[in-house]
Amino acid sequence: MSDDAATPSHFDQLIGLEVTELTKDGVTAQFTITPQLQQPYGILHGGVLCSVVESVGSMSGAVWYDGPVVGTSNHTNFIRATREGTLTARSTPIHRGRSQQLWDVDITDEQGRLVAKGQLRLANLDRSDQIGRS
Amino acid sequence: MSDDAATPSHFDQLIGLEVTELTKDGVTAQFTITPQLQQPYGILHGGVLCSVVESVGSMSGAVWYDGPVVGTSNHTNFIRATREGTLTARSTPIHRGRSQQLWDVDITDEQGRLVAKGQLRLANLDRSDQIGRS
Amino acid sequence: MSDDAATPSHFDQLIGLEVTELTKDGVTAQFTITPQLQQPYGILHGGVLCSVVESVGSMSGAVWYDGPVVGTSNHTNFIRATREGTLTARSTPIHRGRSQQLWDVDITDEQGRLVAKGQLRLANLDRSDQIGRS
Amino acid sequence: MSDDAATPSHFDQLIGLEVTELTKDGVTAQFTITPQLQQPYGILHGGVLCSVVESVGSMSGAVWYDGPVVGTSNHTNFIRATREGTLTARSTPIHRGRSQQLWDVDITDEQGRLVAKGQLRLANLDRSDQIGRS
């Protein structure tokens, strides 16, 4: 299971997200802003930040649970408009329970300034479920 | 300004999001699930759903305000795991104020079932700002 | 169980919340702004609005599920500052699943204007649990 | 202005919330669970936790800004059901900007365990506004 969790998704590859650390207590990943990740004003698209929260939070939950998890709610706050550079995402557990988890994901720029902060709620699925084994 | 708002972003093109209706009271857009939009279990990546909420909500707010807007908070709830097909996103205004807006975005599948529901909060920027004119 | 669900809590009594309709598809309740529900500027305290979302959403979920539910996340957006009058809260189901529910609660003033909109996520507990039977 | 900010509201008194520390970088407050703060199962009502997030976050923002602020969004996650004891709420700034602020509020029990975590978004009002000076 944790093999799956550690495997970048197709969508992560599209964004260029690369995991640099993966433990039961948190995941660190990085990506670089490219033109294709921008919105019409030339700023990094907020959806990319949500997506990074989603990927990093999901990986964190799957590694800790050692089983399949699915996101139920993603709330990402945007703090600082960003145009270029490499951003770092780092997850911290808020709650890791029997049926649900809640993870905090901070995304910072090269100067360590907070760009976005997300909270991802996950449901822990039955480990015997074969969902999604595509 | 509304030209910008109606222009798909680079990131929207990456997702394949196509606007089918664009009015001051709401935007409708569609996209088709492709392998590159999936997470490791073969399900549509939650970040794509957040991104569609972000794009459709931002376009809605920019068209109504007729000026630049920026997302401050995106809260997307995931209702139904989806693997394939064409999804439709439709925005509805919750609040359109002098300095802030709040939009609801529903994403449904081909059978009309709710796949995700997002709320996007926007800040209305000064119309004389030249931010982001890249 | 639904007896409990329909029973106003001590805290509801403190707020003065009165249920006027209670069905599996939604609950309607009302309360009147009193000085003790205000914050220092004389405006209705936002926490009261969150509390009404919590009560009305929880009752809705308990009646539909016909068993004990517990709130896991309450996200309330404040739309319009209000000082006086009787407000009406009405819930609508977004999702009613096997293990979780998501309810929307709109709070409006006497003119039908939206004062606050909340989303309450609930976990359905095991019906055999005796939790909280105090 | 900061006098107002530091003044407990009528609603805070109803809950029994007492501020123990008030600085520009965060506020600490405490309250004790009484029967009137419970929901029908005998557990602390989630709305009380949201209300404490609202009060502590609003006080924090008003003290830092040194002017009137108004809550626009309160998202509180409930981590641990609690029946009795004295809880402590502590705020930490996520973002303090020219027009908006975002505060994190953690509520813990006597053993230091996390009971709820909230994020409160505030709009900074014009300092010359006389809103709410009732």
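Residue numbering begins at 1 within each chain, and the chains themselves are lettered A, B, C and D in the order written.
In this text, a contact is a pair of C-beta atoms (placed from the backbone, for glycine too) under 8 Å apart; a residue touches a chain by one contact, two chains touch by 3 or more.
None of the values given here were measured: they were computed from a predicted structure.
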Measuring between Cα centroids, which chain is at the maximum distance from chain C?
A
Could you grab the centroid distance between chain C and chain D? Build each centroid from C-alpha atoms only and quote it in angstrom.
19
Separation of the C-alpha centres, chain B versus chain D, in whole Å, is 32
Sequence positions of chain C contacting 2 or more other chains:
72-73, 75, 77, 121
So with touch defined the way it is at the top, what topology do the chains form here? Options are line, ring, star, complete, other.
complete
Using the touch definition from the top, list the residues of chain D that touch chain C in their complex.
4-5, 7-11, 13-14, 35-43, 45-48, 50-55, 58, 68, 70-78, 81, 131-134
Inside the complex, what are the residues of chain D that reach chain A?
75, 77, 79, 94-95, 102, 114, 117, 119, 121
How about chain B: which of its residues touch chain D in the complex?
72-73, 75, 99-100, 121, 123
